[in-house]
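Some structures are shown below for you to check.
Look for chain A in each of the two complexes below; its partner is chain B in the first and chain C in the second.
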Partner chain A sequence: MGLIQVATETVTSDVGFVNLIGTTTDDIYMVAFSNLRGANDNAIPYLKILVGGSVDTSSNFRRANVEMKAYTSFVYNGYNAGQNFMYVTSGGTGTATGETAEGIIYLYNFNDATQNNSGTIDTVTHTAQAQTESWTGGFVHNVAQSSNGIQILMSAGNISSGTFTLYRVV
Partner chain B sequence: MADDLNYGYKGADVPQSFGNNKGVFDPSDINNLVKDDKWTNYGQLELIETKVITGDPSSVSLDDLGTGYNVHFITFTNMHTDDNRDQNLRVKVGGVTQTSSSYGRAFRVSNSAGGYDDKDATLDRLRILAEVGNATGECWTGSLYMYNALDSSKYTFFTTNNVFISFHPYFSSSFGSGSYNVSNVLSGLEFYPSSSVQRSGTISLYGIKEYS
Partner chain C sequence: MSNLRLINETTASSVSTFQATDIFSTDYDIYKLEINNLDLATAGYLRAKFINSSGSVIASSSYDWAFLDMVTYASPYTQQRNTGDTNMAVAYGGNTATADAGGFIIYVFNPMNSSSYTFTLSQSSTMAASGLVASKGIAVLKQTSAIAGIELYVPSATMETMNLRTYGLRVDS
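Right after this comes the complex of A and B.
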């Protein structure tokens, strides 16, 4: 496996969102992010699809995932009715030391206009409750369309830090 | 022949960055650009070290994590221990293995018997997986991503996906995450089984390069 960097953004002061644009071939793409923290305590990172650089606001995300928590029972869930965003982590980031989120997202069929966009997500968060939580799951964005990237944002408030990089997998 | 510009052979000293190098460069220019992280060098999965386990060591260490990486990627191939052993990981700081109860983990083990949730909020090690067998064909293989290991102000995190055959034997997979909840720069990683020795296997460490 090889990786070719397509886009990157490092956040050091509050921004509303991060757009990673460049899924312009039929290859698989990978997003690596680290040190992701929301400005608001307990805000959860979300993912949305970009079409022509603009956010697709339709409620077409289907997901299945497990929230694994180091301190309590795990939660197995999914959502098939359609949402206009995809969860990226289990639990929200915090504003205290170490309370950030990190992870890997693989993106499939983003460029192909005849296929639904899909992805897999593996992330780890030291939450606002100072607990280790893991999120593993997948999503399908149930629209056949060509999408050119993703947007990362928070459930409330701004992103205050993080490094986000989009790679093409070769 | 180089001129007196830091980057480039002739003309004005133009801004240089990854994916946007302009000019005519001699080897000295390229060395300067590489040193300053401004040379376009596609291929951002960079092999740091491969360790082939031989001689039945009690533990295996990776003591070079490279420089400048926010994310590392580690692959494990044909990892063998003695029967019914757990595979553990500890971080090293300044060359010293860290044994405080500062590791958290949350994993799901799926197997042909149904599986189980595997968690601990405060342990003195990160258990990557458990109950690996050692009969014919029983071993484990997988991968692990590591985050923030080289940042003194952040905790170090891990996400992992593995497949193995347990001692029962059950065909099994495990996935989840862990954390080392101390802000520190890591100097290395130590892998060791719950008892006895590491019999064999190959561990490769990569840095995932990113150019700002």
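Right after this comes the complex of A and C.
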């Protein structure tokens, strides 16, 4: 497997969101991020779809996943009703040392206008409660459209740190 | 040129503990570890400890970990987890038959960042005596130490063969 960098952004002071743009071929894309932290305790990172560089606000995300928790029983989720955002983690990040989120996201069929956008998400978070857990699963944004990237934002407040990189898988 | 850069490849045979030192540096924040051809003399769970930049194995009670075993026999899903452990359980390491060597992928985040904890994401596919064991897992070392390497082992088992490739995910700013 090879990775060709398409876009990257490193956040060192508060920003409202990060846009990763460049899913402009029919290849698979991978997003890798590290040291992601919100400015507010308990804020959860979200993902949204970009179409022509603008956020798709429609409620078309479906998801299925397991939240693996080091401290208690795992939680299995399936949600088919449609939401206008996608969870990137289960618990929220925190402002204390080590309370960050890390992850790998694969993006499928983002460029192809005849297909739904879908993806897999694997993240690990040490939460604002100092507990370790995952978001492990997949999503579909069931609108057949050509999308040119994703936006990462927090459920509340700003992103205060993180490095986010979009790669094309070759 | 690919941004997935091969940093190191280490092969070992007939060892009880496998160490890869000085594989992490400040050049990368995220690493992909590929474990191939892990052939065990005794079945068991693959475990890991990080090695700091001074070369010391970190065995304090600072690891949280969890993984989901998915098997082709018995109850298909088993939760495994612990907090404040002295090591990370990664996944089922495999059975002892000649053809049962398994494969593992471990992503490591922030190992040399001395203001962040070091995290892992893992997945595997191995053979047990009764069938396949696949897994997805996570772990964190709750220390901000600079981490330069990793130690892998299966308790009370000899690793007859073992191959580890370490890649860095290059970010060009």
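Basically, the second predicted complex is superposed on the first by the 170 of 170 C-alpha atoms of A that agree within 3 Å, B and C clash if a C-alpha of one lies under 4 Å from a C-alpha of the other, contacts with A are read in each partner's own complex, and residues count from 1 in each chain.
Assume contacts are C-beta pairs under 8 Å (C-beta built on N, C-alpha and C of every residue); 3 or more make two chains touch, one makes a residue touch a chain.
Because the structure is a prediction, the values reported are computed rather than measured.
In the model built by aligning both structures on chain A, chain B clashes with chain C. Using the contact criterion defined above for the overlaid structures, shared-chain residue A:Thr97 touches chain B and also reaches chain C. In the superposition on chain A, A:Phe74 contacts both chain B and chain C.
In the superposition on chain A, contact of A:His126 is made with both chain B and chain C. Within the superposed three-chain model, A:Ile4 lies in touch with chain B and with chain C [touch as defined at top].
Overlaid on A, the two complexes show chain B and chain C touching the same residues of chain A, namely 1-5, 8, 10, 32, 34-35, 66, 68-71, 73-74, 97-98, 100, 102-104, 122-124, 126, 131-134, 136, 163, 165, 167. Those residues of chain C that touch chain A in the shared complex are 2-4, 29-30, 64-68, 79, 81-83, 107, 109-110, 113, 115-117, 119-121, 123, 136-140, 142, 144, 169-173. By the touch criterion given at the top, residues 1-5, 8, 10, 32, 34-35, 66, 68-71, 73-74, 97-98, 100, 102-104, 122-124, 126, 131-134, 136, 163, 165, 167 of chain A touch chain B in their complex. Every residue of chain B that touches chain A in the complex is listed here, in rising order: 18-19, 42-45, 70-71, 104-108, 117, 119-121, 145, 147-148, 151, 154-155, 157-159, 161, 175-179, 181, 183, 208-212. Chain A meets chain C in the complex at residues 1-5, 8, 10, 32, 34-35, 66, 68-74, 97-98, 100, 102-104, 122-124, 126, 131-134, 136, 163, 165, 167, 170.
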